[in-house]
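Two complexes come next, and they have one chain in common, chain A, joined by chain B in the first and chain C in the second.
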Partner chain A sequence: MKIYHIDRESWVKGLAASAEVYQLVGPVREKDDFDFKVLDKGQMPDLTGTDTRLSPKALVFPKSEIMMTFSTDPNDPDCNIMKEAKKEYPKRAVIGIRPYDARALQILKMNYDNGDYQDPYFLNAYEAITFVGLAVNSPSSTDFSTSCGTGPFDEKGLDVLLVAAGEEGDFYAKILTDKGDAWAKAAGFSKEAGSDVSTRIEAMKKTAEEAISSKIAFDKIEKKTVLELFEADHWENTAFACINCGTCTYACPTCWCFDIQDENFGTKGVRIKNWDSCMTGLFTLHGSGHNPREHRYQRTRQRFMHKLKYFADKYGEGIMCVGCGRCVRQCPANIDIREICETMNK
Partner chain B sequence: MINPYVPYPVTIDDIQVATEDKSLKTFRFVFKNPGDEEKFSYKAGQFAELSIPGQGEIPIGIASSPTEKGFVMFTVFKTGKVTQYLHSMKVGETMGIRGPLGNWYPWDTLKGKNILIIGGGFAFTTLRSSIKMMLDPKNRGDYGNIDVVYGARTPGMLLYKDELVEWEKRDDIRMHLTVDSEAPNWNYHVGFTPAVTEKVAPQASDDTYAIVCGPPIMIKFTLPVLEKLGYKHDHIIMSLENRMKCGIGMCGRCNIGRELVCKDGPVFTLDQINLTPKEY
Partner chain C sequence: MINYTENIRKISSDLLKSGKVDVVIGYKSGTLPGVNEPFLAKTPEDADKLVWDSQCRLNLANYLTHRKDKVGIVAKGCDSRNINTHIVERRISREQVTVIGVPCTGMTDKTRLKELAGGDILTLTEAGGKITVKTAKGEKTADKNDLLQDNCIRCLHRNPVINDIPAADPVPEVNTTRNNDAIEKIEAMSADERWAFFDDLLSGCTRCYACKNACPLCYCPTCFVDESRPQWVGKGDDPVDVRTYHTLRAFHCAGRCTDCGACEAACPMNIKVRLLTGKLEKSCYERFGWEAGMTSDVRPALDTFTTHDPEEFIK
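On to the complex of A and B.
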């Protein structure tokens, strides 16, 4: 496995060179926060923030995406026939995605490629991306990623792992896949790092992991049955403060639920896929008026049961949370998944 | 990669008002593209998304039987935006169907077994598909006794009346039709479905399975009757409904615990349902 040493000048040049072949995407500062955006020619990703406010999931699962188009014009021979929307999936390199966020997109992929069906919108977007991740040297106080089967240096969802090398703006770039290798070639990176680099990266990884003081455990959740956890008497209390605003579900990198809606413009229209949230009553409302999750606490319970139990039982790949801490930081009611996990794990 | 969101285009071939209050209509669809009918090959108990561009989609049980060729049939209750619009559509119009979706009644397990079908109201659609399929001369030998308990509020609210009358006359299926209260010219049972079930259902045995599909109130009172008759929970088969969008196990709203009603269901044994939260 190759590890390159990239100094500041080569970095700027390399990104420009790879932009000839790849559409570059990276964090961009927006007021006080960061968001992943397609970079303009010559624009550099801003790697000074730890997490973007919203996760990078919109790169593969846009907030709103046209899936199909149609005409309802009776004179159109294709009246009322759905047509797959024409889409381009240019080769993309996502620069500076955090390792646990890249792992989160792998979790999304488990949902969108479920063995029986494949969501082409998600999968085409995902396959087109080369993930050039940036290790987290200084984890935030709400980072509990190491408890979630990932971490600040996790390589699972990445093609390249960048590690800020200490010197001004230098990186080590650890090539993890053929896709990563192709991107590094396009960028022209060729200076191999010194022989002690693996040891240095390991040491930095250890320091970063040890800096994470926030931990969760779900060993007892694993052993308890779904019904024991579901019927526990704490849920109304646990969910008391939750106003079902859905902020957590939108900020979350692993929340994958969506809605399908039609929009008409005269006799033309589109069928679109939108982010949805289990926090809303409409999410489960039957045509009859019956709602299996009528009460607010039932929806809160659904979210945590899904993340910490249903997903874990179904896939055997740990919990549906990567410990990025976005929901903890952004919840207006101070609901903390770590505390809820602790309650469930008693 | 096959795009599972794109419906097959179909033409509405026939529309029949199905109940006296006109709240249900039965639609027959014919596939516009040769080959799509083959791709839509289904089993009794599955459902599909009826897709009307500009209106949306609705998950509806397939009422036709796999033994019926050349069309697919659905009976739809007028209740929301899409169904209201569908009820206003005319023969000859184009729309879409996506499917078949979900699992089916466990026909492999049911081979050689006696079958008790219990249905109520307009949840009789996939049961009609099942009965039609089993009564087909090619299939009838695969199953033992067939008992059908089917109840509705009034005679005019029973679906597929012509066929019910026809099946009533046969000797290879026992029909137990019932309505909630006495009605003119009604010569069958009177009373709620659970009470009639208690009277007419065959005793439980390892070789007898019950398929139950109906409104929540009917299910609530029928399950204790079946238990009393000795039916084991793995011999009671139910079809669930939940709000759905994608129908392919991705959009996330129809779960009961870890199971997705659209993809892991809609058919479950009571045994399986007992292990999940009752969020349906």
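On to the complex of A and C.
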């Protein structure tokens, strides 16, 4: 496994070279925060920020995505036939994704690519991406990623791991997969780092992981039954402050629920997949008017049961949370998954 | 501020002990510095968790809706006006509510705190009108008055207007003018400029509905955005639907909005949605001399009429 040393000049040149082959995507300043965007020619990803406000999940699961098109014009030979929307999936390199965010997209993938279902829209977008992650040297106070089976240097979801090398703007680039290797070749990176680099990266990883003060445990949740957790008497209290907005679900890199809607203008229409949120009453409203999650606390409970119990039970690969802390930071009412996890884990 | 907390705890504890109320809605300390969490105290012991400082941004009247029990509620000036609105709109009865009134000197703006800190806030302390935030890089202190939310800067009613048990002596009202520079700036724009302005304003919206869910006025059993038979608004990110949502939401608040700022405090994308409601609030005052929530026995403007209402728009 190769590790390159990239100085500032080679970085700028390398990105430009790889942009000839890849569509580059990276964090850029958007109004008062950061978001992942397709970079313009010559535009550099801004790697100075912390977590982007919204997670990068929109790269594979856009907020609104046209899946199919249709016509209701009787003169159209394809009248009333749903046709798959024509979409381009250019080869992309996502630069500067956080290691735990890339892991989160792998978690999303479990839902979109399994024995029962394969979502072509998700998979086409996912497969087209080379994930060039940036290790987090200074974790935030709300980062609890190491408790969630990932971490600031986690390599699982990445093709390349970049590590800030100390000198101004220099990186080590650890190539993790063939896809990563192909990107590094396209960028023309070739200067291998010194022999002690693995030890240095390990040391930086250890320092970053040790800097994480926020921890959660879910060992008892694993052992408890679904009903025990579901019927526990704390939920109304736990959820009291929750205003049932979608802030947490939309900021979350692992929330993947969607709603499918048909919209038309005249005789032309589209079928769209939109982000949806279990926090809303409409999410579970039946055609009959009955709503199995009529009360606000039931929706809050659903979110945490799904993340911390149902998902873990279903796939046996841990919880549906990577500990990025976005929901904790952004919740207007201070609903804190760490605290709720602790309550459930008692 | 420490006094407020002690007084709120004592009053709440007494109310709960005496059985005058079944529960008290207030704030407890949050898990993050600079954030408190709305809290339902059910016992005198719970009451000891109640706190008050300049990070109580949400409007607690929002938590009164649908309650059937006897409720004590900690309320700053704007919350108290929404309690009045709730009473007028029969969301709760006057007899059910005991207002623990908090004379308010304003809430800090989350974005201004973030800018002051310049990084992850590790601790926040408040004393003598100053706020100190600590980050990994060091400490920074600023006057609380320089960190206030926009709505608090122009607040005209810092003291609760419905106040059964005051938690402290009234504070002086500091503002005398109703001028709203931000709204006047928009009024002065041409139609095209205004369109572009609002398009940009709303461009980051994810339709998480934090603004409406944080709003005590938004209690419709089914919000128009959730209506499915028929469906009024598209669910996607089409700007037409985003605009429709925000404009209709604002209009539903006309004559009822107390400018408490909970919508902006809740918005994760920092969208200044008060620029929509602010215009309506201004128009209601100019047209009808109406300020929402000042009494519990007058129906809000646009919900009633008098023979003296201006009618120059009827041609």
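Here is the rule we use: the second predicted complex is superposed on the first by the 346 of 346 C-alpha atoms of A that agree within 3 Å, B and C clash if a C-alpha of one lies under 4 Å from a C-alpha of the other, contacts with A are read in each partner's own complex, and residues count from 1 in each chain.
Keep this in mind: a residue touches a chain if its C-beta (ideal position, glycine included) is under 8 Å from a C-beta of that chain, and two chains touch if they have at least 3 such contacts.
Please read all numbers here as calculations on a predicted model, not as lab measurements.
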**OP:** Check chain A with both chain B and chain C modelled on it and let me know: fit or clash.
**Re:** fit
Subject >> Partner chain(s) touched by A:S138 [first = chain B, second = chain C, both, neither] >> reply: second
Original post:
After lining up the shared chain so the two structures overlap, which partner does A:Y89 touch, if you call chain B first and chain C second: first, second, both or neither?
Top reply: neither
**OP:** Using the superposition on chain A described above, determine whether A:D119 touches chain B (first), chain C (second), both, or neither.
**Re:** first
Subject >> Centroid geometry (CA): angle chain B/chain A/chain C, rounded to a multiple of 10 degrees >> reply: 90
**OP:** Would you check which partner chain A:R293 touches, where first means chain B only, second means chain C only, and both and neither mean what they say?
**Re:** first
Original post:
With the two structures laid over each other on chain A, which partner does A:N274 touch: chain B (first), chain C (second), both, or neither?
Top reply: second
**OP:** Check the residue A:D259 against both partner chains and state whether it touches chain B (first), chain C (second), both, or neither.
**Re:** both
**OP:** Could you say whether A:G246 touches chain B, chain C, both of them, or neither, answering first, second, both or neither?
**Re:** second
Original post:
Touch check for A:P332: first (chain B), second (chain C), both, or neither?
Top reply: second
Original post:
How far apart, in Å, are the nearest Cα atoms of chain B and chain C after the overlay?
Top reply: 6
Subject >> Residues on chain A lying within both footprints (that of chain B and that of chain C) >> reply: 259, 261, 276, 285
Original post:
What part of chain A is in contact with chain C in the complex they form?
Top reply: 30-33, 50, 53-54, 63-64, 138, 140-142, 237, 240-241, 243-247, 249-251, 259, 261, 263, 272, 274-277, 280-282, 285, 328-330, 332-336, 338-339
Original post:
Residues of chain B touching chain A in their complex?
Top reply: 1-7, 9, 32, 51-58, 77, 79-80, 83, 93-96, 216, 241-243, 245-246, 248-255, 257-258, 263, 275-280
**OP:** Would you pull the chain A residues touching chain B in the complex into a rising list?
**Re:** 67-68, 70-72, 79-82, 84, 111-112, 114, 116-120, 123-124, 225-227, 230-231, 256-262, 264, 269, 271, 276, 278, 283-288, 290, 292-293, 298, 302, 305-306, 309-311, 313-314
Original post:
In their shared complex, at which residues does chain C touch chain A?
Top reply: 30-32, 35-40, 57-58, 62-63, 111, 120-122, 136, 204, 206-210, 213-214, 222, 226, 228, 234-238, 265-270
